[in-house]
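Only one structure is covered here, and it is reproduced in the block below.
As written, the chains take the letters A, B, C, D, E and F, and residue 1 is the first residue of each chain.
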Amino acid sequence: MRLSTRNQLTGIIVEVDLGAVMATVRVQLDGGDQVVTSAITKEAAEDLGLEVGQAATVLVKSTDVSIGVE
Amino acid sequence: MRLSTRNQLTGIIVEVDLGAVMATVRVQLDGGDQVVTSAITKEAAEDLGLEVGQAATVLVKSTDVSIGVE
Amino acid sequence: MRLSTRNQLTGIIVEVDLGAVMATVRVQLDGGDQVVTSAITKEAAEDLGLEVGQAATVLVKSTDVSIGVE
Amino acid sequence: MRLSTRNQLTGIIVEVDLGAVMATVRVQLDGGDQVVTSAITKEAAEDLGLEVGQAATVLVKSTDVSIGVE
Amino acid sequence: MRLSTRNQLTGIIVEVDLGAVMATVRVQLDGGDQVVTSAITKEAAEDLGLEVGQAATVLVKSTDVSIGVE
Amino acid sequence: MRLSTRNQLTGIIVEVDLGAVMATVRVQLDGGDQVVTSAITKEAAEDLGLEVGQAATVLVKSTDVSIGVE
């Protein structure tokens, strides 16, 4: 399936933390040291079988991206 | 100001496109070839004086990040 | 790619409206009369070649869904 | 109150899962088999007294809806 | 309809700006000088008949609120 | 850093509730009785050292603000 979602950044999962109904997942982006944190439902994390070391894509809709400048 | 926003990725603005009331901005992330697209209000883009070549930070709240795996 | 996005509803595109930098797309859900409106970047709508009559999936992250009751 | 929120889909609550500070709620949409998952604060779920079998509306802002096509 | 949406702040509309497919609306909150900007679809703004001077409620889901501290 | 985020409302933290991986924070806005609830990651709440009585800014992107009218 091709998605309208503009931002699809590839990386490797470096942390999965399962909570009560939510989970946080950290992905280190390819080609750099930058890490992205995602908060998804625990059910989604379990359904996908997310594990540290696994390749993953982080997806962000453009309307959810803010900009900062000095 | 320190922000709760977990994802603050640095880069360089490579495109600014002003629409009627919205604008899209593209930022190439440091240390890689990945580009992030942001859709913000035109007013915000003008207030910040965003220009191609300018250093910028893209900010994304963790709850707005989805994960995909093969 | 399998996605963490919990809500993936299938339907048919019934309207595409291209603006200056944004676009709105309406999808009639299968098995009912309910219609979903999406606001995405114009670039995304054009990249996907969205057209009326085309099958499409609407995707919504669980954290973006509110609940109302009488 | 009339809302700007374009997407207001009606259905029946089929699951309520209370976590520590968040909760997930699943609503089966009328006129079909499609189910929508919502992640809201536990406080909201308790304030509304959400229960399985109750009629409910799921609300999604258009800017939070992505599109996928084959 | 009672909503799970935690943040429902009342005020007066002070600006409506219709774009191509989107619109921006500014609401001055009651009991203070703080103004909130909303970006919604043009269709929503027209359907609601939004006008300067009209009482309005701004609604924000808790998962869309970030926190900053000095 | 100057932000594209249009809505930056100042207030005082009146409640911090840490969950498993998420946290909720309530901020009473200056110049009024209105309170805003935020759901952020527990990690963010701890990193910022959020405490009751502390001055804070709530930040909301314009695309995350809906409008209601009677």
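Note that a contact is a pair of C-beta atoms (placed from the backbone, for glycine too) under 8 Å apart; a residue touches a chain by one contact, two chains touch by 3 or more.
If you're wondering where the values come from, they're calculated on a predicted model, not measured in any experiment.
Engineer: Can you list every chain that touches chain A and also touches chain F?
Structural biologist: Joint contacts, listed by label: B, D.
Engineer: Starting at chain A, figure out the least number of steps needed to reach chain D through touching chains.
Structural biologist: 1
Engineer: Since chain B and chain D share one sequence, what rotation angle in degrees maps the C-alpha trace of one onto the other, as a multiple of 5?
Structural biologist: Fitting chain B to chain D on C-alpha positions yields an angle of 180 degrees.
Engineer: Determine, among A-D, B-F or A-B, the equivalent of interface A-F; equivalence here requires over half of the contact pairs to be the same by residue number.
Structural biologist: Copy of the A-F interface among the listed pairs: A-D.
Engineer: Farthest chain from chain D, comparing Cα centres?
Structural biologist: Greatest centre separation from chain D goes to chain B.
Engineer: Given that chain B and chain C are copies and touch, would you call their interface same or different according to whether over half of its residue numbers are shared?
Structural biologist: different
Engineer: At what distance in angstrom does the C-alpha mean of chain F lie from that of chain E?
Structural biologist: Measuring from centre to centre gives 16 Å for this pair.
Engineer: Approximately how many whole Å separate the CA-defined centres of chain A and chain C?
Structural biologist: It comes to 21 Å between the two C-alpha centres.
Engineer: What are the residues of chain E that contact at least two other chains?
Structural biologist: 1-6, 19-20, 22, 24, 37-41, 43-45, 48, 57, 59, 61-64, 66-70
Engineer: For each chain, which other chains does it touch, given as pairs?
Structural biologist: Result for touching pairs of chains: A-B, A-C, A-D, A-F, B-C, B-E, B-F, C-D, C-E, D-E, D-F, E-F.
Engineer: Help me check something: in the complex, which residues belonging to chain A touch chain F?
Structural biologist: 17-20, 22-24, 37, 39, 63-64, 66-70
Engineer: Under the touch definition given earlier, write down the residues of chain D that touch chain C in their complex.
Structural biologist: 5-10, 24-25, 27, 29-34, 36-40, 44-45, 48-50, 54-70
Engineer: Under the stated contact criterion, what part of chain E meets chain C in this complex?
Structural biologist: Touching chain C: residues 1-5, 19-22, 41-43, 61, 63 of chain E.
Engineer: Quick check on the complex: what are the chain E residues that touch chain D?
Structural biologist: By the definition above, chain E touches chain D via 1-6, 38-41, 43-45, 47-48, 57, 59, 61-63.
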